[in-house]
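My questions will all concern the structure given below.
Chain lettering (A, B, C and D) follows the sequence in which the chains are written, and residue indices restart at 1 in each chain.
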Amino acid sequence: MSLRDTQSEPDDRQLPIDRVGVKALRFPIRIRDKARETQATVATAQLTVDLPHQHKGTHMSRFVEVLNSHGNVLHVDNLRDILEQLTQRLHSDCAHVEFEFPFFLEKAAPVTGARGLLDYTARFNATLENGVLDFVLTVIVPVTTLCPCSKAISIHGAHNQRGQVTLAVRFQQPIWIEDLIRLVEDSASSELYSLLKRPDEKAVTERAYENPVFVEDLVRNVAQRCEAEPNIRWYRVEAENFESIHTHNAYALIEKRG
Amino acid sequence: MSLRDTQSEPDDRQLPIDRVGVKALRFPIRIRDKARETQATVATAQLTVDLPHQHKGTHMSRFVEVLNSHGNVLHVDNLRDILEQLTQRLHSDCAHVEFEFPFFLEKAAPVTGARGLLDYTARFNATLENGVLDFVLTVIVPVTTLCPCSKAISIHGAHNQRGQVTLAVRFQQPIWIEDLIRLVEDSASSELYSLLKRPDEKAVTERAYENPVFVEDLVRNVAQRCEAEPNIRWYRVEAENFESIHTHNAYALIEKRG
Amino acid sequence: MSLRDTQSEPDDRQLPIDRVGVKALRFPIRIRDKARETQATVATAQLTVDLPHQHKGTHMSRFVEVLNSHGNVLHVDNLRDILEQLTQRLHSDCAHVEFEFPFFLEKAAPVTGARGLLDYTARFNATLENGVLDFVLTVIVPVTTLCPCSKAISIHGAHNQRGQVTLAVRFQQPIWIEDLIRLVEDSASSELYSLLKRPDEKAVTERAYENPVFVEDLVRNVAQRCEAEPNIRWYRVEAENFESIHTHNAYALIEKRG
Amino acid sequence: MSLRDTQSEPDDRQLPIDRVGVKALRFPIRIRDKARETQATVATAQLTVDLPHQHKGTHMSRFVEVLNSHGNVLHVDNLRDILEQLTQRLHSDCAHVEFEFPFFLEKAAPVTGARGLLDYTARFNATLENGVLDFVLTVIVPVTTLCPCSKAISIHGAHNQRGQVTLAVRFQQPIWIEDLIRLVEDSASSELYSLLKRPDEKAVTERAYENPVFVEDLVRNVAQRCEAEPNIRWYRVEAENFESIHTHNAYALIEKRG
C-alpha cells in the first residue's frame, strides 16, 4: 500500500515558516538534581523546526519519534542531541525545544529543621541554528514580599503576600536549578516552605517584616545578584505580587541588554 | 431537501441521560445592579436538560436559540422563562442553567474616598424540575486574611495574603449580589480595593492587623452572618487562602444542613 | 520558649466546620502500573478533616507531616493509612484526601505498531468516616468523537473533534486505571495516540468515520460497559466535546443512582 | 498627617527597571463595533512604565487613577491619551498598556441564515516611547481545520478539529477587528458558528472537507492575505490545532521580517 505523502508536496506561496511542530505534549522526565542525582517529574513540551518555503508541510510524527528515542533524562547535553536529530530528521536549519516542569526541593524549616518538599517550576528553552546552540534556563520561584510603604506608614503590621519571580538566564558553565532558586529566594522578604511549625512561622514572619521589598526591589535584588555572578551572561527577571490588598497584581521586569 | 434527523431516532440502551446540552458558551449579558440599574458583563454559560432513555439525542442548536431569544438581561425572573422554554423546546422534565460572570462594584477608599471599580465573580445556577424552580446564587469574593497565630507569636508583623471566599445561597426573597459581597467582606481581616492612596493603605494595613482571621474563622464568620439573615434559607461557604508563606493554600468549608 | 497555640483555643460560635485543611499542594508520587509496577508522576493534593465546633482552628502543618511520612507510593491501601493518621493527628472523625495526577500509558499505533506514550489524568478521592473508607477512582480520558448527524446528512466527511470523558467509579475489588481507560476508549469513535504514521492515521480516520457517536452515545456506551462490569458498584460519567464547528462544547452526564 | 513616601526615596543600585506597574486588572470597557457602534465587554489590563535607576519605586495607585479617568470606551485614539497621562503622572519616558477582552460578532448561519453571537478574543498592545506610539492589534480566532493528509489517504472521512489562530498586526490606518477576523476565517477549512441548523451543519461539514488545511497552510494563507493588504505593515500569525487524534497540538508560526 502506497499512501500519498501530502506533506512532501511542493508549495508555491513563497512563504517560509518560522516554526512548525508539536505543542502541549506531556511527557515524564528525569532532571538532574543536586541532592539525589535525578528527580522524576512531568514536562509539558514544545518541539518545532523551521520549514523552507518550497515544502507544503512538516512530518509531525517525527517530532514524537525523536522525543521518544532519547530516553527520559533531560539535561543540557542531550537537549543538543534532540535538537540535532530534529534538524536531521526534518531537514531544517533551525530547531527549538521547550520543556516546562515542576521541580521539587527538600527544605529544612528555619528553626525546627522540619523537612518538607517545596515545588517550583523550571523551563528549558533551547535552539540549534546552523549548529549553534542557545540555551535559556528559567526558574519560577514563589516568595513572600512585604510592602515597605505599608510598613513605613502603619502603626503595626504591613501587608504582605505571595509573589512569583520568573528568572531566565544564559550562562557560561552549566548552572544548577537549585542555585538559581537560591539566588531568587535570597532577594525576597522571605522564602517559602511547605512545612513550618510555630517557631518557624514566628521566624519567617519576623524575617519578612525585617526585609520589606517592593516588586521593584525584588527585580533589582535579583538583577544585582545576576550581575555579580560571572557565570550568568544574560538574564531577564520578572516579579509579580498577588497583592493582598488588591485584586490586581504588581509587576516589574528588568532584562539585561545584549 | 429532507435531512435525516439522527437525534430523533430511537435508542434501545435503556439509559436515560441526567444532563445533556451546551457548555463553555460565552455570552454578553446585563445584570441588575443597585447603583446603576444594570451593568454589562460577559457570562460563561452552561444549559442542559435531561433526556429520556428512548431518544438517541437532544437538539443542541435549540439551546442556543432559547438563549438568544431572551435578550441579554439576566435576573431570577427571566431565568425561569429560559428554563421553561428549554423544557418545552427539548421535551424534557428538567432543565439546568449556569451563568458565571465578572461583577463590578465601585468602592470608595476608606480614608481619601478615592473611587475605583473592584471586580468580583458571581454565578447563577437554576434548575426547573416539574415546574419547581431552584435557584442558587454564588459570589466569589477576594479578601485579605491575616493569620492570628502568626500575629500572636511574632514580635512584629503577621503573615497575611489574598484569600477567596465562595459563598452560595438559597433565599426567600431576591437578594442583591452587592449585599452578599458585603456580608463576606465584613467577615474578613479586610476587604480589598482597586485604588488606595497612602492614608488608605495605612488604614487597610492596620485594620487587617487588628482583625486577624484563620480560614476557619472566615467561614464561621460568614456562616454566622448567614444564620442571622432570615432571608437566607441555605448556604455553603468555602474559603481559600493563597498563603504568603507556603505554595499550597489553606481551605475550609461549612455547608448548612438541609 | 513557649509560643501561644491560637488554634487550640476555644471557639464559641457553635459552628462545626465540614472540611478544613490544605489544597493545591504539588507532590511527586509513584502510582501502581500494569506494565512497569509503578510510574513516577506529580500529584496535586488536597487533605482535609472536619473540625468540631469547640475548637478555633486545625493544625495545618500536621497535614503536610502526615503526607511526608508516607513515602511517595500511592495506592488504595496506603490511602487508608494516610486517612487514619489524619484523623488521629487532628482529632477528627472524618478525613478526606484527593490526589490528581497525569498518568502515562505506552500504546502501539494500530497498523505500524509504533510505540508512544499517551497522557491521561487520574484522580483518587478517599474519605474515612468513623472507620469506614469510601474510595472513588476517576479517569479523564481524551478521545475522538465523530458526529453521527454530520455524517448522515453530508455528501462526504463528518465533523469530528477531541472530546474528554471523565469517569468516576466505586468498585468491589481494586481496579486498574488502565482498565478504566480501556473501557472509555472502547466507547468512543476512536482512541487517541501520541505517535501515528501514515498507515495508522488512515486506520484511525476510517475507524472514527465508521463509529460515529454523539456525546449522548458516548456516555451511554460508557454507562453500559460499567453496568456490565460486576466489579463497578457505582459510576458517574461525563463527556465533553470540544466541537470543531462551534466555540462552545457539547456535554452529557449519567450518574448511577444509589 | 504626613506619611512617608517610600517609593520616592533614592535608590543606589544603579539598575533602571524596564517595566513596572499593574497586571491582571479586570475592567469593563466598550469597544468600537462595525454593526452597533460599540459593544460592552470586560478587559484584563496591564499598565506599565519604565523607572529610572535613581528612584526606589513607582506609584501604583496612579495607574489605576489614569485608567479610571478615561471612561470606558477604548480605541486607538484614547489609548494614546492613557499612555501620555501615564508618562506624565509617573515621570517616565516610556509606557505600555495591554487590554485583552472577549469580542462578539453576530453571524448568520450559511444556509438558514439563523443568527447567533460568536465569541472571539482581541488584544490591544500599545507603547508610547518618547512621544512615538506603537500599536499592535491581536485577534484570536477559533476555526475548523481538516487534515489534508488524513483526507488524501482515507477511504472516507478526514480528521478535523477546532484550531485557534492568533494574528497580531501593525497597520497604517485603523483596521476593524471584524476585518481581521474575516481575513483569518477565510484562511481556514471553515469558520465557526454558535448556531447551526441541520442544513447549515451539512454545508459547514462539506465546506471543511473541500478545503483541507494543515496548520502550515493556515498560517501561510493568513500571511498571504496580510501581504496582499497594503494597510498591514507587519504581522505575526500563529496557528494551533487541538488535534482530534492526539492529546498534543500542532503548531505553526510566521512573522513578517522588519
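Assume a residue touches a chain if its C-beta (ideal position, glycine included) is under 8 Å from a C-beta of that chain, and two chains touch if they have at least 3 such contacts.
In this text the structure is predicted, and so the values were computed from the model without any measurement.
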| item | value |
| --- | --- |
| Taking each chain's C-alpha mean as its centre, the one farthest from chain C | D |
| Copy pair chain C, chain D: interface residue numbering same or different (half cut) | same |
| Between chain C and chain D, centroid-to-centroid distance (C-alpha), Å | 34 |
| Interchain centroid distance [CA atoms averaged], chain B/chain C, Å | 25 |
| Overlap residues in chain B, where contacts from two or more other chains coincide | 3, 5, 25-26, 64, 119, 149, 153, 194, 196, 198, 202, 247-248 |
| Topology of the chain contact graph, where touching chains are joined (line, ring, star, complete, other) | complete |
| For the chain C and chain B complex, residues of the former touching the latter | 3-7, 11, 13, 15-26, 46, 48, 51, 56-58, 60, 64, 148-149, 152-153, 214-217, 219-220, 223-224, 240, 247-255 |
| Residue numbers on chain C that touch chain A, as the complex places them | 1, 3, 5, 25-28, 39-42, 61, 64-65, 68, 102, 104, 114-117, 119, 194-199, 202 |
| In the complex, chain D residues that touch chain C | 118-119, 142, 144, 146-147, 149-151, 153-162, 190, 192-194, 196, 198, 201-202, 204-206, 208-209, 242-248 |
